[in-house]
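Structure incoming, see below.
Labels for the chains are A, B, C, D, E and F, by order of writing; each one numbers its residues from 1.
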Amino acid sequence: MPRFGREEVAIGIIATVRRQLSGRGLALRLLLYALVWWVLTAGDTGAWVWGVPAVAGAALFNPFPANGRLRLAPLALLRFAQRFILGSLTGALDVGLRALQPARPLSPALVDYPWQLQTRSARIFMANLINLMPGTLCVRITDTAMSVHVIGDAERTVAGLAKLEQLVADLMEVEDHD
Amino acid sequence: MSQANTLMAVLVGVPLVGAIIAFVYPRLAVSITAVCAGVMVAAAAGLTRLVLSSGVLRQDVGGWAAPLGIGWQVDGLSAGLLLLTAAVGAAGAAHRAFEALEQPFFWPLWLFLWGALNVLFLSADLFNLYVALEVLSLAAVALIAMAGGGALPAAWRYLLASMLGSTVYLLGVALLYGRYGALDIALIADALETDLPSALAAALITLGLLLKAAVFPLHFWLPSAHGRAPAAVSAALSAVVVAAAWYLLVRLWFAPFGAFQGNGVGVLFGLLGAAAMVWGGLLALVQHRLKMLIAYSTVSQFGFGLLLLPLAGGVGAELAWRGAVVIVLSHGLAKASLFLAVGGIARSQGHDRLDAVGGFGSGGVLPWLALVLAAASLLGVPPTGGFAGKWWLLQGALAEGAWLWVLAILLGTLFTAAYLSRLLAVLLRPAQRGPQTGRPSPLTALPGFVLALMACGLGLALPALERLLSSALVAGGLP
Amino acid sequence: MGWLVLVFDGLLAAALIWLAWQATHTPGLFRSVISFIIFGLLMALAWVRLDAPDIALAEAAIGAGATGALLLSALGRLVATHEEGAPWQERRDLYFWIPAGGALLGLLTLAAWMLPSPGLGEQVQDALPESGVQNPVTAVLLNFRALDTLLEIGVLLLAAIAIWSLGRMPLPSAPAVRSPALPALGRLLFPMFVLVSAYLLWRGSHAPGGAFPAGAVMGAGGILTILAGAQPWLTGSVHGPWRMLLSLGFAAMLALALGVMALGQPFFAYPPGLAGLIVLALELAAGLSIAMSLVALYLAGQPPDHWEGEARGE
Amino acid sequence: MIYLLLAGVLFVIGLHGLFVARHLLRKILSLNVLSAAVFLLLVALAREADPLDAVPHAIVLTGIVVSVSATAVALVLLVRLSRPREDQRKLMDEEGG
Amino acid sequence: MSLTDLLGGLLVLLGMPFFFLGTLGLLRFPDAYTRLHALAKTDNVGLGLVCLGLALYSGSWLTGLKLLLIWLLMLVASAAGAGLIGRTAMARGMKPWGL
Amino acid sequence: MTEVFAVLVLLLLLNIVVGLARVLRGPSAADRMLASEMFSTSAVAILLLLAFILDSPPLLDVALVLALLAALAVVTFVGRAWSDLQSRQSESARGMESRESD
């Protein structure tokens, strides 16, 4: 009989599952995935036969370890959502108007923005988020700062980023003072 | 559930199950292939006996009758080709097992190839045939590419040609489906009318299959692919895979597309066949390597098979039919045997260059014996199978007074004699001892030798063949 | 409304033709590959327009997902990515091709125009109650013409074996430049892939969906997670359970096809009453295998015994 | 119906590309365009049928899988063709170690 | 036609200009970075408005939530995609226009 | 209302067709890639509208799958295709991409 490496596989799976089980916020994640499932199946009750294993699989077999967690802070979430919607709208209008004008008033600049955020996941969230916000595009991430490609007024943009960062910190950073 | 249905299911199911086992448990691969080979030889033989006793057999797969479902149908022609596949498949596998090369992926691929061939000879559904053709081509490509190095471009060309062939074939199938709302060959045959869509569909399907059968002038991919592949693979490709495309052509042109016969289409096929014989023969004459010579001989020999189509309408049809099928069967056995023998010789000498390869007996006597016997059958020396086939075909042509085709047959035989004489010239050289290291086990030559014996012995089984093939004639709807 | 549909069709057709031309005839391999990916995207719209949501689903998963990934990573692996000179040979060929292509086009279109296309819609409708599912496409795929599907899954398995037989993975599969955002993206999307493919599987029995789109989505998810830096636990000296999972769908279908014969049924004939359950089980097995096969096709060779930096006994 | 014509045009483009293209990757793309044309024809025909015909849909789904598999094998073959084995091993060592 | 239908239709209509502005930016902006700006911001707002409008139009909570899910997925894809392309371009040494 | 939606679908398709110019012009691989990303957003919007015009909920699933897989092409591009293309570009003086990406 050939050697299958079954042990290694089992170790790999167990490690993944254990990591996911020990990661915090498991219950929250399960709830979130169940909600997604409920939305997908349009509330079909018979579908839960498939849904329960799918939700469990989604939560337990994720090969990437959890490296942060959402804080259940409804107020912060609400403030964030408001800022996000307003930001994307103004961002879209801003860049759209620039595209419309014959002179295309673009004044690109590269700005280094030092991190105030502590956790990695919050930083990545922030970096991706600013791509949707007015006039900013993240073009480099390092341990101390991110480089932002700005079109428009650089100073005002940086000030906006600082405000945004605070909102993200409220939303995501649990151990802010480690 | 009848015995025939079980046998058909075994022919399809066993190689595929074997392929999975050989893939998942590589160490069991050789033994599982041996078991499968035994079972399949027995099943093919059993099915042939049933066809002999009760004529055409048909079953609806999954219990769904056509047009909704897929049908399997076995007549004398498919039974004969199933037997040929079983023989070549078993012999090739045995050759490979005795060679004892460390390539565990060979076995699942080989079994996949075998299973696809069996599906192909059973199925009566045009789309099912398309999928089977794709399985066949992919398995063949992988088996060719396994030789590495120069085989890779050959595999690439083969893959491209066969993908194009299948796509063109599928386009034809789509047109037929749009016209008749059916995919079953028999149903289409009943409904066929000679209008533009059907004609275009027939042309496209034929073109696709000609590409896969490597008929002149679409043969460009064959020689390098067959010449570069490992010996067992070349044997299967030349003997059976090409025959499968030929089989489909014949099947389709006898039943559904028969209505288009007589508009000069048959003549066109005949001319293609004659051109293939001449061109393949000429190129076989100028090759420098044994395997390439044999590969070009395949292009040439399938010309004979195509001559069946122009002769199908006349008084000599039955003779021509019998002759062409026997030629394809005996060519399959002989060609597989040649490739296996040459593979053994090439391995023992380290190369297969015609000008330097040693004479009779270098690297063992058995491969050379196989070579001689197979060449005799290929040439058509009585009483071999090759002789019977050519004789019948010639008689059919004579009966119809089709002098052009008589001439073509004679010319083709002449070319065969000419390029085979290059082989025989090698025989007369003094035996050489190749490098002693890596000499294959003498057992490797055995399967090829058995195949050569069968090719010759085919001439002795003529009455049974005649009976088997006349049942196929009825199914084929020949006048 | 009529003219709207016509303009839509015309625009879509023009875009598809332009993209097909870009993919096959213009300089710049990367441009061609991108054009082909967009071609797949628009094909999905064409399928929708032709009332074939099942195919649209598959095309969205395959055309926009897996094929794109396969082509782009193959492009990255090619040594000679630039091509010398024009993408195709002398324009003199056109003297042959324009009349020949025109004739072929004319014949094809004329023939297609003349087709009455009777179809098998009624037969499928009539047999649907016995098939065990309500979605006609799934019924055809997994019951009426299950043999085709068996061979189709066989082709996928065979392609994986063929690729493995050509040797080991040509390059490490993870990106050359590691971005910290990739694992985060993988972490976020992995559950979505699982949930959506489970959802599509569940849908398959009564609406467009089923094993193939589900498998394709899951496979694309697997490719994405590997690209994002996850190292599959599917390793070991003989590739661990890779081989088993790859063959699972094919083996299950084959076992079923042959197994029913022990019950006195013909090959592939599901026992009455069990059809629904059987189709469900087959979908699950086939979906898993399809996903695994797509990942195997993406890896372009045998996976290593141990992934680089893998902690063996964590 | 415009889609029948479209299928025809795509078929001709794919065929031409397959024969004249120089780079092998482009030949693979051409083959894919070619099979897309055939699938389009099948589905367009299925739409003409009354009631809507599910069989061509199933056939096309099968065909798509088959063509993806063949494409994948062709791509891997192409990569192996473009890079000799030794070179490949070296690259593997460099980037993997 | 009810009020929500009308409102939904209006929102969908309102979303359209954003798609066109995005394409305009895609065509007119001078380099890849600025085009990324145009793309990531406008199209998602456009899609968001379409989703919101259709959610109102459908009048069903579940469909609305599904549309929201689709929009969120697309947001993730574009935000992450724009970032990845931008960062890789920078790492590869592609110079931004006007600097 | 569906008539209005149908016109919008048409406009979105036109939007894609116009955007194809960016694929044609490039100049760099990144430009083409981001154009293709734009198309998936538009295609999702088209599918959503079509789902309501044709009253066919399965199209929402097609849009969902497209949205889910939109990231895959970009990630492959960034991870595999582009990095290799560009690193090779520095080695070999002239290549297709080097000509284009200035």
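Criterion: a contact is a pair of C-beta atoms (placed from the backbone, for glycine too) under 8 Å apart; a residue touches a chain by one contact, two chains touch by 3 or more.
Keep in mind it's a predicted model, so treat the numbers as computed, not measured.
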{"item": "Partner chains shared by chain C and chain E (touch criterion as defined above)", "value": "A, F"}
{"item": "Contact-graph distance - origin chain B, target chain D", "value": "1"}
{"item": "Pair joined by the larger number of C-beta contacts - C-D, A-E", "value": "C-D"}
{"item": "Most widely separated chain from chain E, with each centre as the mean of CA atoms", "value": "B"}
{"item": "Euclidean distance of C-alpha centroids - chain B vs chain C, Å", "value": "32"}
{"item": "Chain D and chain F: spacing of chain centres that average the CA atoms, whole Å", "value": "19"}
{"item": "Intercentroid distance (Cα basis), chain C paired with chain A, Å", "value": "30"}
{"item": "Residue list for chain A, restricted to those that touch at least two other chains", "value": "2, 36, 40, 127-128, 141"}
{"item": "Residues of chain E whose C-beta touches two or more other chains", "value": "22, 36, 44, 46, 63, 66, 69, 73, 76, 78, 80, 82-84, 87-89, 91"}
{"item": "For chain F, residues that touch 2 or more chains besides their own", "value": "33, 35, 40, 64, 68, 70-71, 75, 77-78, 82-83"}
{"item": "Complex contacts: residues of chain F adjacent to chain E", "value": "1, 4-5, 8, 11-12, 15, 18-19, 21-22, 28, 30-31, 33-35, 37-38, 40-42, 44-45, 48-49, 52, 57, 60, 63-64, 67-68, 70-71, 74-75, 77-78, 82-83, 86, 101"}
{"item": "In the complex, chain C residues that touch chain F", "value": "1, 4-5, 7-8, 11-12, 14-15, 18-19, 22, 27-31, 33-35, 37-38, 41-42, 44-45, 48, 53, 56-57, 60-61, 64-65, 68-69, 72-73, 75-77, 79, 81-83, 174-177, 179, 182, 185, 189, 192-193, 196, 199-200, 203, 207-209, 213, 217, 220, 223-224, 227-228"}
{"item": "Residues on chain A engaged by chain C in the complex (per definition of touch)", "value": "2-6, 8-9, 11-13, 15-16, 29, 33, 36-37, 40-41, 47, 50-51, 53-55, 57-59, 61-67, 120-121, 123-125, 127-128, 141"}
{"item": "Residue ranges of chain C touching chain D (in the complex, touch as defined)", "value": "6, 9-10, 13, 16-17, 20-21, 23-25, 29, 32-33, 36, 39, 43, 46-47, 49-52, 54-55, 58-59, 62, 66-67, 70-71, 74-75, 77-80, 83-89, 93, 97, 101, 104-105, 108-109, 112-113, 115, 117-122, 124-125, 136-137, 139-141, 145, 148-149, 152-153, 155-156, 158-159, 162-163, 166-168, 170-172, 176, 212, 290, 293-294, 297-298, 300-301, 308"}
{"item": "Complex interface listing, chain A residues touching chain E", "value": "36, 39-40, 42-43, 88-89, 91-92, 94-96, 98-100, 104, 106-110, 127-129, 131-135, 137-141, 147, 149, 151"}
